[in-house]
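Paired with chain B in one complex and with chain C in the other, chain A is shared by the two complexes that follow.
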Partner chain A sequence: MAKVLMKGNEALAEAAIQAGCRHYFGYPITPQNEVTAYMAKRMPEVGGVFLQAESEVSAINMVYGAGGAGARVMTSTSSPGLSLMQEGISYLAGAQVPCVIVNIMRGGPGLGDIQGAQGDYFQSTKGGGHGDYKLIVLAPSTIQEMADLVQEAFDIADEYRNPVVILGDGMLGQMMEPVDFENVKKTKRNLPEKTWATTGRGNREHRNVINSLYIDPPVLEKHNYVLFEKYKRAEQNEVRYEMVNCDDAEVILVAYGTMARVAKNVMNIARREGHKVGLIRPISLWPFPKEPFKKTVDQVKGYLVVEMSMGQMVEDVQLATECKKPVHFYGRPAGMIPEPSVMLEKIKQIAGGAR
Partner chain B sequence: MDFKGLTIVVGHYGTGKTEVAINYAKFIRESGKDVEIIDLDIVNPYFRSREVRKELFDKWGIRVAGVEEKYMNADVPAISRNIYGALYSKDKYAVFDVGGDDVGATPLGQYRHIIKDQDAEVLFVVNVNRPLTKEVELVIEYLKSIEEAAKIKVTHLVNNTHLSYETTVEDILKGQKVVEEVSKITGIPIKMVTVKRELFNKVPDLGYPIFPIDLYMKTPWDKM
Partner chain C sequence: MEERIIFAGFGGQGVLTMGLIITYAGMLEGKNVSWTPSYGPEMRGGTANCNVTVSDDEVGSPVIIEATSVVVMNRPSLDKYESYVIPGGKLFVNTSLVDRKPQRKDIEVYEVPANEIASELGNLKVANMVMLGAFVEATKVVKMETVLKALPEVFGKGKEHMMAINEEALEKGAELIINMVSTK
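Entry: the complex of A and B
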């Protein structure tokens, strides 16, 4: 198959099907409805299950059930819907059920609006549900990367027995770009057999149970350590990022997803005007990439974090730089796009030594 | 190329109907006619003709009738009453930018009694780089489902095959082959081949009008 033209949302759905996902549960919400619509059309064609649940709460619990039975399962939603799913997500992490959760963010808080925004960074990376758990969070910035990362997300979920979040925004969900499914990038993984799945006892010695209830404190504590061993492994092996023009950079822009595309253009304009500007684009938001900051912190005058929010990832950048250099922030919420001219002005100020 | 008082642009989701509608309205405007775009897209939350309302009016004097501005981003499938004005107007030309697929074309059905008495052209836009309309049979399937939902007959086909910023002449030729076959099977004539302006002089003679397109639906970084 040659390249095709797809909406981000459609590409997410098709990539999931090509990654072997045969179970999708969801509830419509703008601006991710094309995922649901595409799944409704395509799942029956490939012998899979599409089910529109009565709410996001049911959808995520259906994910729990199918994932617990060992199926490759996905749900997708947008910000308010993800809030509704938080209890289920905590249970999925606690019971170590692999699944892929897509969040195509919109403006908030509350019902907010339907424009693309990035206000759910904290919710996804710091845990919107209760308890000590982590989600692996991947943030694509092109439609091709959306397809690539969906494949990767299913593999990571199965390897770590953990939910993986694809965090995009409405712009990525709605825009159209060429995408090539034949050349979807894939890491080679030896995925463990799902011996824990509830597929019927058969000749097994014991019953498989999917559960997050550990009533005995020392037992729960041990379970918590098991989870954190896993998260440590993810921090070592699942960090992803892109660095552009950082070798000689005095000012480095930091942005993910849609915002990184605007930032890349601003970087190019600034370069043409003679400013040494680079870009760090975190692709895994958790585990957050610390290396690119360690590599550049001594050489730069400062960082400029740009987000379509009031400033959330900026805190991880401050941690990654250990506050050795000024970390500036510019962002706009509500689906408004941060102004390139303001970004350029700030770059000049930082290059001029602003702290 | 001739045009009618009423042009209705339909097609599969994401084929480029809005860009075709806007550019076609501009073409009508350039011949000195008063023209209005009727934004009937209740399917897409972004990238709709109503979003370039100001630009089209300031630059070309083309009005976009659709949902009132204050409800523009409301997530409700509302249609403006102003549409009747455009439909009944004797001296004004109108281009209907209809939402994708049968679902998007459904709202058109309510105007069928008015449309049938008018001098109307129904353009079915095809992009074979959209995976669900990559083949002749699939295109015809969509064409029929839209005709049924909108209760209207397609009068012309438009080959708008493209691959966004990666479009080559080969894409257009590939699309042309499919569209010609669809035309042969259905008996519906081909109106034009739409290509982005940069490729306008590179497309060989295909025996149909080549219509240059300027893009209006842009991502934030395209606008820089």
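Entry: the complex of A and C
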């Protein structure tokens, strides 16, 4: 199969099907409706289940059911819909149910608008639902990477028995780029058999139960430690990032998703004007990549974090740099795109020693 | 080479399709491409536009602020996007539906009476193809033969009966530019 031209939303839906996802539950919301529409058409063709739930609350609980029975299952939504799903996501994490959750972010808070934005970083990486849990969060910046990461997300979810979030934005969902599905890397992971799945007792000696209720405190505590052992493993093994032109950089731009594309443009312009500028692009937002900052913090004058929000990832950059160097921020919320000219101006200020 | 193009008009004029054809043709020629539609609470008759990048390098921002070319199919689009063209860039105006001259003096302006030519061909719907023919001839962003290859891919089987008139419309648009250049 050659390259095909697809919207991000369609590409991620097709990638899910190619990754073996046969169960999709969702509720329509702009700007991710093409996922729902694509799944409605494709799932019956591959013998899968497409079900439009009556709400996001319902959809995420259907995910809980199918995932608990061992199926590869996905839901997708946009910002307000993800808020509605938070209780279910906490339960999924607590009961260790693997699944893939796609959030094609839009402007907020509240109903906000329907343009692409990045205001849900905190919600995805720092909790969102209640209790001590973590989600593995992957942020693609091209349509090809969207397809690649969806495959990866299902594998990570199965390996860790944990929900994995694909965090995109309205622009990535709506735009078209060529995708080559043959180039999507198939897993080399040794995925554990789902011996825990509720598939009926059969000849098994015990009943499998999917549950997040551990009413006895010492028992729950033990369960919490089990979860955090798993998160520690993820922190060691699932960190992803891209570094561009960082070797000699005095100023490093930090951006993810759509924003990283704009930042890369600005980096190239700044380089042409003679400024030593690099780019760090976190691909896994949790676990957050600390290494690229450890590697560069001694050499740079400062970092410039750019986001399509009022500033969320910037806090993780401050933590990763241990505040050894100034971490500057520029962002615009509401689906407005931070302006390259402003980014350039800030780069010059930082190169000139602004703190 | 990097071409950053904005196609704009009102819903139903086929501006998203024009962008899609160029994007598809760019892909067929092995270039890096991206296509980003405007979206919102849209409706037929409302404004529509798309941002297309065709590049030898990795495509950066999918949203275009500094366009190498802008194609406007109606008056509101000219008012909105005239300022987006970079100095020395190209502006294509559908004079059938735009009742004012562009104000910029630092860009190349191509005036194409797309609706009139389409009417002469017998189908007003191909006005976008007339404009696309002119655009491809003037910019050479992709080859015309690649555009012809892209057409059936973009339109699908349902529009096979339109292929002949689409090709004719593309040719008419291209001819207009060829004549324009030879009379300059």
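Some points to look at:
Operating definition for what follows: the second predicted complex is superposed on the first by the 353 of 355 C-alpha atoms of A that agree within 3 Å, B and C clash if a C-alpha of one lies under 4 Å from a C-alpha of the other, contacts with A are read in each partner's own complex, and residues count from 1 in each chain.
Going forward, a residue touches a chain if its C-beta (ideal position, glycine included) is under 8 Å from a C-beta of that chain, and two chains touch if they have at least 3 such contacts.
What you see is a predicted model; the values in this text were computed from it and never measured.
Partners chain B and chain C, brought together by superposition on chain A, clash.
In the superposed model, A:3 makes contact with both chain B and chain C.
When both complexes are overlaid on chain A, the residue A:177 reaches chain B and chain C alike. Of the two partner chains placed by superposition, chain B and chain C are both touched by A:114. Contact with neither chain B nor chain C is seen for A:316 once the two complexes are overlaid on the shared chain.
Of the two partner chains, both chain B and chain C are touched by A:337. Of the two partners chain B and chain C, more residues of chain A are touched by B.
In the superposition on chain A, A:238 makes contact with neither chain B nor chain C.
Legend: residue contacts after superposition of the two complexes on their common chain; A:265 is shown touching both chain B and chain C. When the two complexes are superposed on chain A, the residues of chain A that touch both chain B and chain C are 3, 5, 30-31, 114-115, 170-171, 174-178, 258, 261-262, 264-265, 337, 340. Those residues of chain C lying in contact with chain A across their complex are 20, 23-24, 27, 33-37, 39-41, 58-63, 65.
For chain A in complex with chain C, the touching residues are 3, 5, 30-31, 114-115, 170-171, 174-178, 258, 261-262, 264-265, 268, 337, 339-340. Of all residues in chain B, only 14, 44-47, 73, 75, 127, 129-132, 134, 162-166, 219-221, 224 touch chain A in the complex they form.
Interface residues of chain A, counted against chain B in their complex, comprise 3-7, 10, 14, 30-31, 33, 41, 113-116, 170-171, 174-178, 258, 261-262, 264-266, 269, 337, 340.
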